[in-house]
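Have a look at these structures, which come just after this line.
The two complexes that follow have chain A in common; it is paired with chain B in the first and with chain C in the second.
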Partner chain A sequence: MKPYRVLPGPEEFLPPSAASMGIRLPDPDQGHIEGRIVPEEEAMERAAQVFLSAKVPTIFPGPLVLWSWNEKAAKKATAIQYLYDVIRESVSSEARPMIIPMADYRPKYPKINPEVEINPNHPNLTIWHNKIDACMFVGVHCHQANLALKIIRGGTDCFTIAMCAQAGHEDANLTFRDATPEKIMNFAGWIKKLKGTV
Partner chain B sequence: MSTTVDIGTKNKKGQVYTDPNDLFFKTPRTSFFLTGSEIIKEAIKRSSCGMSVAYPITPQSEAASLIGELFAEGYVDIYSRGASEFDVMSICAGGSFGGSRCFTTTAGPGTLRAMENFPMWAGSRLPIQVCITCRGINSPLSIQPDTLELYYMLETGCLVWHAETAQDLFDFIMKGFIVAEQPDVHLPIAVACDGFFVTHTKDVVMMTPDDMCLPRYDPYRSPVPCMDMECPPVRMMRDPFVMKNNYISYATHASWQQEVRAAIERSRKHTEALLDGLIEVENGDAEVLIVSSGTAVSQGREAVTLMRDEGFDVGLVKIKTLRPFPSRELQAATRNAKRIFVPEFNVASWLAREIKAVVQDNQRVVAGPHVGGGMTMPPEIIMERILRTLKSDKEALAHV
Partner chain C sequence: MSKERIKIAPEFRDIMPPEYRDLVDDATWGKEGRGWKDVGTSKELIEEHSLCAGCPESMAFRYILSSLPSPEDTVMVGSTGCTSLVFPHVAVHNIHSLFGNQNAIASGLKRSLAARFPDQGKDVVVLAGDGATVDIGLDSTLQSWFRQEKFTTICFDNELYANTGGQESGLMQKGFVAKMAPIGKQFEKVRLPEIARESGCHYVVNCTVSKPSLVEKVVRNAVLVARELGPTYLQMYTPCILEIGKQSMEGLQEMRDSEKPGLRFAYKEYASPEAKELIAEIAIKEKERKAAAKAALAQSSV
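What follows is the complex of A and B.
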């Protein structure tokens, strides 16, 4: 049997969790690309290439960076805004970068407005509506991020990137771990560096 | 947000918060001769436990009342009694939602009465520890060990570890907190031992110094929002977390269940490091293996010695964790075995079924011997079962 790979979907009606298929989380200074453990800088390069070649590269900031819990959260939010600005300056003129918040995890009734928000309980609606083909989760609590990442993999063809402050996410197509403002700025640096090469 | 204490500082009892790896593997240990119930108390004394809730299911274990003494001495911050086991587990959920390291004990009928709470704990990602001192669950009631209740625990989403001895119990309780609270795991853990055999008998246990303790739990590393005054439930979740929610898709519910099981898988690497593997193998090249968990392992070890005295080469595999189940480890450990015997203290032989589900050529697995209702399992009956099976195998071969 071929080893499982965490590829963009649509995978199946109810895709398995990547952890149950043998995908392991990276150790510090590592990331994973489609389930393959790599040095973090290699993951940075690949993630930058994905965003630069996407038609709708999108950042989904979550509650941990949207709310000013503490100084660290505020610094991270500033870094994310900088990253977004760098993406806008670096992508081709046809690309339509977006930043769509996941302000909380409350299921929305009767339905979400996919123009302005994403929700972990039905993230596919926002992906489909905005035709998002590459996205990055940052500042989303790990449990909720994994729910959303797996649902996205199940029903959409969006390439998912997780910029996680803890141990990373197997269910993303590409993950970073131990995210800090500096790491987000480093990612922005990679996008600048590869601008025009993709 | 974070309340993590600095390693090296002291708590109000003068215990030094110590790096878990240093505490487990580097600090000198001293031997004590104590009952299993007393061992539970000693482990909690060193675990920086914020809250413990008791429903005194005596005579199974004195642990809950002994932890009350720890509260009186100031080692546990909050201690209360529940009206029932269901109540106890519900109170623990509240404490854990609020960011406290919670510990409780239960056994047999109490485990089943509390059962609804265990998947709720797991779905809510609450790293509560419950020590299950196994006893019979059915009428007529028995206080003797019977591990049937563990079968009910297997799909609750909890980590389930099964201690063989009082030493295991001491180590598993303290290490269990550390694994269960990892951000990528963050699940409840059931540390089980066979009641009466372990809880009521005295054994020599090597313990860490009681002036050193684990670092406190940091709830802000949780994979779900920690409830505090800035973050009441309604801010992040429309309905109280534990209630039915009609506004999320069934795909979300399914994905949620998968995520809990994924977290069990993630616990492997942390558990392997702290428990030195999910299984322990002695004489693994033998063609006959005894594979089990809990005190059945001790009986199996005695049977190995008896068999060796009779000139038979028999090996032993001790399963430490039932969730995560050591599937790959068992496949490797049993690769060369011609017969795999699974002695169990329950009528259902559930562990044999679990093993049959993961090993190659599972007709090699013999579900037994097993006893129930609190019967003892003399090693002689394990030996007798092995000899009878081998004789039968030989006769079958002769007729080919």
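What follows is the complex of A and C.
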């Protein structure tokens, strides 16, 4: 049997969890690209290439960084804003970078407004509406990120990147782990470095 | 108590959907004397809901949220039923439990919060329907009282299973015929307030939600007594206007009609001797606070 790869979808209505298909999490200083464990810098380079070649590269900041609940969260917010500025300066003129918040996780009645928000219970709506082809989750609690990443893989062709503060995400197409403000800045550095080469 | 906990990162303020900005800007958390009179002015006290138009549960929810003594240090535990349609709009931490498990979840939650935040006095408040509290969840309801768990249980008593179309519940009145209970109830309404008292609850109230000031008083008492002494129980009539064939505007009258002396929702209160003492202390402090606020107002208008 060919090993499972965590590729952009649309995979199927209920894609399997990548962990159940044998994908494992990276160790410290590593990441994964489509399920293949790689050194972190390699994942940085690939993620920068993905963002630089995307038509709508998008950051989805979650509650852990949207709300200024401790000093670390505040520093991450500043780093994410810097990353967004770098993306805007670095992408081609046709690209349309976005930053869309996932302010909380509750299912919203009667519906979300996909132009201004993303909700983990139906993240595909925001991705379809804005034609997002590459995105990065940051500051989203793990269980909600897993749910959303799987739904995105199931129903869209968007490339997903997880800037995870814990052990990383099997269900993302590319993951980092142990995210800190410095790591986010390093990613911005990679985008600057590769500007114009993709 | 303050809004410090709900600050939006300044970098992201402009991208936050407007309702979150409103929530933070207009929240009543930290406001002296916050209460039911704030309903209608603050996003956090449920601006929109997805219950039937005119459902008394919608007002009951607002009065309760506005009366919590420390909303930012409170976790509510809900259960399946019509109440669970409102929780997504509630700006207080809340957990949706498996139907009937709410008092078991709340027990574990209260104990872990007490261990994790020993100096912060976190409150836990269960809010569930009569089906969840008295039928399917009766075991966990009673066991939590027997164990003297320090949280408040609020039952929205609409005397049937509303969310699933009108089945018979333990709190339904004898003889009542519902859409899915066609032969009429054969047994008496379970006397849960009395059972609560006998099971060790320190403060028990049976009432309707027709009077917001009364709801405010009993919710505050129940939460503060639970914080200090042990379990408390509020049973509130929130008639299901849909199932009893009333119009949207008729919920209030239905509650008034059912709370007359001698009827099943006539106001009944029980407080243990320790709870009575505590409530008296709370009342004195509240009186002093109001007097000081009045004096300050008079001073500022001179």
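Before moving on, here are some points about what is shown:
To be clear about the criterion, the second predicted complex is superposed on the first by the 198 of 198 C-alpha atoms of A that agree within 3 Å, B and C clash if a C-alpha of one lies under 4 Å from a C-alpha of the other, contacts with A are read in each partner's own complex, and residues count from 1 in each chain.
Here, contacts are C-beta pairs under 8 Å (C-beta built on N, C-alpha and C of every residue); 3 or more make two chains touch, one makes a residue touch a chain.
Keep in mind the model is a prediction, meaning the values are calculated, not measured.
After alignment on the shared chain A, the placement of chain B and chain C results in a clash.
Legend: residue contacts after superposition of the two complexes on their common chain; A:N146 is shown touching chain B, with no touch to chain C. In the superposition on chain A, contact of A:A77 is made with chain C only, not with chain B.
In the superposition on chain A, contact is made by A:S17 with chain B only, not with chain C. By the touch criterion defined above, A:L25 lies against chain B but remains apart from chain C after alignment on the C-alpha atoms of chain A. Applying the stated contact rule after C-alpha superposition, one finds that A:A167 touches chain B and leaves chain C untouched. Contact comparison for chain A: of chain B and chain C, B touches the greater number of residues.
Looking at the shared chain after the overlay, A:R106 reaches both chain B and chain C. Contact with both chain B and chain C is seen for A:W69 once the two complexes are overlaid on the shared chain. In the overlay built on the shared chain, the residue A:N121 is in contact with chain B alone; chain C does not reach it. In the superposition on chain A, A:P61 makes contact with chain C only, not with chain B. Clashing C-alpha atoms with chain B appear in just one stretch of chain C from the list 19-27, 55-63, 91-99 or 181-189: 91-99.
Within chain A, the residues touched by chain B in the first complex and by chain C in the second are 69, 106-109. On the chain A side of its complex with chain C, the touching residues are 61, 65-69, 73-74, 77-78, 80-81, 99-101, 103, 106-110, 113, 116-117.
For chain B in complex with chain A, the residues that touch the partner chain are 1, 125, 182-184, 186, 221-225, 230, 235-238, 245, 247-249, 251-252, 254-256, 258-259, 261-263, 265-266, 269. Put simply, chain A touches chain B in their complex at residues 14, 16-20, 24-25, 63, 69-70, 104-109, 120-122, 141-144, 146-147, 150-151, 154, 166-168, 170-171.
Those residues of chain C that touch chain A in the complex are listed here as 5-12, 15-17, 20, 50, 85, 87-89.
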